[in-house]
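Paired with subunit B in one complex and with subunit C in the other, subunit A is shared by the two complexes that follow.
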Partner chain A sequence: MHPFRLLEPESLPEAIETLGRLDGESRLVAGGTALVAMIRLGLVKPDRLVSLHRVPGLNRIRVDGGSLELGAMATHADIERSRTVRDGWPLLAEAVHRVATPAIRTSGTIGGNLAYAEAASDPAPALLCLNAEARVLGPGGERAVPLARFFRGFYEAALEPGEIVTAVRVPPPPAGARGGYVKFTSRSAEDKPLVGVAALVVLDGAGRCVEARIGLGGSAPTPVRADRAERALRGEALTDAAARAAAEAAAGEADPLSDLMGSADYRREMIRVWARRLLIALRDGTALRDGTR
Partner chain B sequence: MRVIGTSPARPDAWEKVRGRPIYAGDLALAGMLHGRIMRSPYASARIVRIDTRAARALPGVIAVLTAHDVPRNEQRMELPGRMAEATAGAVLATQPVLAEDRVRFQGEPVVAIAATTPEIAAAAADLVEIDYEDLPGVYDPIAALAPDAPKVHDSGNLLRSWHLRAGDLAQGFARAAVVVENTYRTPFVDHVYMETESGIGWIDGEGVLTLRVSTQVLEHFRDVAVVLQIPHGRVRIEGAYLGGGFGGKEDVTVECLLGLLVWKTGRPVQLIFSREESFIGHGKRHPYVMRYRTGAARDGALVALEAELISDSGAYAALSPWVLLYSLVTSTGPYRIPNVTVDATTVYTNNPVASAYRCFGSIQTCLAYEGQMDALAAALAMDPLALREKNFLRKGDRLATGQVIECEPMLAETMRRAWAGLAERRPSRAPTRIGRAVAASFSPYGRMCWTRDSASAWIGMELDGTAVVRCAAPDVGGGQTSSLCAITAEVLGLELDHVIAVGRDSHFTPRAGTTTATRQLLMSGNAVLSAARELRRHLVGAAAALLEAAPADIELAGGHAFVRGAPDRGLSMASVVKGATGQGRPVQVLEKYDAPSAPTIDPATGQGKAFNDYTFGTHALEVEIDEETGRTRPTRLVSCFDAGRIIHRANAEGQLEGGAVQGLGYALMEEIALENGVSKNPHLADYKIPTSLDAPEIATVLLESGEGLGPFGAKGLGEPAMTPSIGAVANAVSNALGVRMTELPITSERVLAALRAKRA
Partner chain C sequence: MSLSFTLNGQPCATQAPDHWTVLDLLRDGLGLMGTKYGCGEGVCGTCTVLADGQPIRACLVLAAHVRGRVLVTVEGLERDGRLDPIQTAFAERGAAQCGYCTPGMMLAAKALLLENPSPSEHEVREALSGNLCRCTGYTKIVEAVLAVAGSK
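Take a look at the complex of A and B:
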């Protein structure tokens, strides 16, 4: 394993200053669940790791002006167990609960998960559906990046050198929203999702979709919203046929990769199946078994 | 019996639960160096130049060794301890310790480094310059047989063939009412033990090179001695508890490299392979292509089998010829088939080296022969269980090799009990399809007859009346040690915690051979039984003299000796032992067990007795398939085996459960993904094995025919427990889909593709 120095700034300004000062290869580390594995495999060889563990308050979970604010260092376990999240943002709690295993959820953080910008993220599709935004701090100050613009490319987040994700802000779900997340693994139960599908719908009295949002993981180089599928649903009655058409649209606009988990064609087919099943389950208020649990 | 067949707590169980055993990689010594191996990143290349100067100049680097530093750069990879005359025409299976001018697989060791810290060893590796020049390679065993294929070895790519001939094939097929033909394929898979290959070595005060390593085979001390060109007795291997072996620690792993580094530096060295190294460094299970053509008469009687088996040995021979022989002998399945022609070939490629893995060639064939049985049943419109029952081997029947089955196989009963354990069939309800099937199987326990296998054990009484067993049988986690203790306690009438088995050491414990081939209960178990009975004779003699009774009237139980019918007037075992020494009787014995032997089989016809006996058993499996996603979930598995005699019930049940889950992984998800010999998934992020969430509800049923060759009539379960798994999965999925699945792993995507192909 490539040797590195671990730097532990005790405040955000110090962390920004530390990152700015360093030359050579340096990396920010949060839970380390992805980065340490990459260092072990020799995929990255940082000389220094800048840890955020000593920065106070970065793992806070709170509600601010009706929005949920997750400190970037909040772990998946913190989030899935938070009463606040479970009551107000159950879709997020459900998606975060599906990340890897308890050991990983206890170390891995929400900020790290998003900054890693992995296509097969479990939380990202749910956060995309919830219109979340990332709070980013850098030498030039603070900015907010809507999650829909945060994922720039394959393992690439919209972060400039020296910038840190400090928090994730999640607005309250619309009144009457129903949400769900499906993680479909094609090999063992302990795996990344072949595809992940999150959906949030609001139905009016006549069963029409007043609001429809669909987020996809493992379906493109980055986590994405399925815009065409959403447009196909809005204003329409959520019939079986409408669910099928939306799922078809989602599969059509997906741009999946082929890898050892499955081919691009299979991924597309799985989006078609799971988006349809999820929408119908949300409509009917039934539980959905995704075959691995 | 008081101890045999019960489930006493194993002495190692609590220690392992608490994380306390000192595994081979856990020990540290003062002044210890850290080893690191540089391996070829290429599957086929010439080594043009190696420059170690910069690495050697780095402070903290003690040794940077290449092929030129190895006294005899030839590591033997044959069956340890086998008889010299019994080669059965084997090729000389060797591999360089460090590659000299050519590498033949990705992961082949090229340079060995020892440094004062792991970090310095890693930095030194970055400073070693190795220039490689691409050589054309061959990555498919069938392509490798083409006359113009690149040669992996100068001798050519055909490593070994075996043939089986029985009856008259043409006449057999002429009698067939139905004939089914399928080609079955299996992939390279890894053992994925929790503990990677590891060890520490040092030179002791008497100049003996001592290696404490994670191994199934203490007798590799000889291989280290040959490589270093020193007398065998100058190398000692001390075993440790293993974090899993499954055959992956049967061949030499760290031993020769570690021995070389210790010998050259004169200092203690620790060598631990990373998970990635383990994936590319040790032998895999052989991929097979198996073309089967099977004929049955109208009443279901099997009349003919024609099969061709081709296995990929990878870059070196290792144990491939013997793995292939297991395939040959088991190719018919546990059935009577009068007319058989089987040709089996193993071929060199530039893929990873393939060698021993639980079931040793007897599992791949189960996918084929059990697939054929269900296919025949469908063609005959016959119940698959009835078809099997009609053809099962019974006591006195002959295998296609001519060997008479002398022990009761109990096949029909294992199948009926396994099937009954699945309970009522649930109806399929879209989109879920239910599939159910059985797979029967047989695998040998104990080595091939011609190896003239033997094991020795020593048992001594202490003056406090407790017993010590010395027997160099590595405990790979299957409970080998606790079984030896149970046998001793049973025979000597001792409480189990008054028996300890110490040491697994090539210098200080009597040779008991390898913990491989499902042989330890048979071999060491019989040696311990024999020693315990001999010791009992002496103790009973002493007690008879002390109690003034006839030896025939003496009983040993509960740590006491007494005259039958008068247990309250007995002597403590301590008194008996003191009495025995006073009477000049021995209280320590050494006994040897020799397995029955037979000449090698005829390589042209396969006729002869390859193994002494077999373990028979059946899996019944229910799967749920989501027909829209192809996701297959095993929901219930029943494993029923004839154990012969259960020695330790919980250990036996554990073997059945573990074997089943390991097989489900092989069947459903595991595969080393290779691209021109280079692994794309040498890590657990992309090589998936089943977790508890993937395991079905498993029920185990153990039968006791009492007809095994082991102690008290026991057979072996370690490997056979896994054998039927892949046949059961393929058959259950095929049953659900109405399509025959012939290729592993049966991934969700393949299931969906099969459904689509059927609809189209």
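Take a look at the complex of A and C:
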């Protein structure tokens, strides 16, 4: 593996300062599940890595003012096992549980997952549906970036040089929300999704969608919300036809890539199928199993 | 860099290059060859070891990141010369053929049983889902883990 020097700051200010004074190619490392694999494959050759492992408290999971606050270094395993998350933000627990395999989830972190800006992230569509925001710290201070504006492009997060994601804040889901995440893989079940669909709906007594949010993974250069599909649902009764129309809209507004996992057309088709199934499962309160080709 | 941690029940203080992973440290630094090098990029699971009772991919975790933690490798499964029940079950049920996946499989199974002593077959399959075996077809591996769970 390409040799690098490892720097291990022990506080966030020290981490910011360290990132600021490094020249050459340096990278921030959290769990390493993506970055170490990329270094091993020779895709990146950093001179230095700055690890966040020694910064205390960055993996904390807590509720603050009604919102869930996930420290950036909380692992997927920490999050999926957290009672707080499972009880209050079940959609998130469900999506995080689908990331890769158990031994990856114990290392991979939520901050790393988002900063990597993988289009086919499992947690991102769920976090988009939950209106989460990233807390970002840099030389100029702290800022909050709504997740809807956090993904700038293909593997590109809205982070300036020297900035660090320190936490993810997730407001409470609306009262009566039903949420779900479904993942379709085209190679093997532990793969990243060909497409992933998260949805959150609130139905009134007459079965009408008071609220409808749909997040898509693997469906565009970044994780996205399916705005047109959401608009098609709001105020409508969640009938089979309405679910089909919304899924159709989601497939239409998606902008998927073609790659080794599948073509853009195939992805679009799978968005149509899985968005519809997910909406109907949420309406009926039935379980929906992930799909593999 | 210097680092210390607990390895198979013993304190271990050692030196390692900054860029080493846990897999490099175990095999090249400490000469423990039980942890296998398969894909080297997080896909196959044969390098699985336990850190604080949880399974990790030794090929993806930087050595520095296990400082102060409690590591268990396949060499540490037996106690006082007695095999771990998982090892006995694998041997008795023929759950190993070439054996290359076996250390990682047993440690993934160990992590599951530490957290959930009586898992269902579905839970066993899910816990082992990141560990590839090219020989057995998995049936005997799953049977062996369920046998251990059932014998408690």
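Methods note: the second predicted complex is superposed on the first by the 290 of 293 C-alpha atoms of A that agree within 3 Å, B and C clash if a C-alpha of one lies under 4 Å from a C-alpha of the other, contacts with A are read in each partner's own complex, and residues count from 1 in each chain.
Keep in mind that, in the parts below, contacts are C-beta pairs under 8 Å (C-beta built on N, C-alpha and C of every residue); 3 or more make two chains touch, one makes a residue touch a chain.
Since this is a predicted model, take the numbers as computed values, not measurements.
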Contacts of A:260 with subunit B and subunit C, given as first, second, both or neither: first
Partner chain in contact with A:184 - subunit B first, subunit C second, else both or neither: first
Contacts of A:269 with subunit B and subunit C, given as first, second, both or neither: first
Touched partner set for A:103, first subunit B, second subunit C, both or neither: second
Which of subunit B and subunit C A:41 touches, first, second, both or neither: both
Subunit B versus subunit C as contact partner of A:161, first or second or both or neither: neither
Which superposed partner A:141 touches (first subunit B, second subunit C, both, neither): neither
Touched partner set for A:4, first subunit B, second subunit C, both or neither: second
Partner chain in contact with A:66 - subunit B first, subunit C second, else both or neither: neither
Residues of subunit A contacting subunit B in one complex and subunit C in the other: 1-3, 37, 40-41, 189-190
Complex contact set, residues of subunit A against subunit C: 1-6, 8, 29, 31-33, 36-37, 39-41, 49, 51, 53, 77, 100-104, 106-107, 189-190
In the complex, subunit B residues that touch subunit A: 119, 122, 274, 276, 626, 628-629, 631, 633, 665, 669, 673, 680-681, 683, 685-686, 688-691, 693-694, 747-749, 752
Residues on subunit C engaged by subunit A in the complex (per definition of touch): 1, 17-19, 21, 24, 40-42, 45, 48, 51, 54-57, 59-62, 64-65, 108, 111, 126-127, 129-130
In the complex with subunit B, residue positions of subunit A that touch it: 1-3, 37, 40-41, 184, 186-192, 260, 262-263, 266, 269-270, 273-274, 291-293
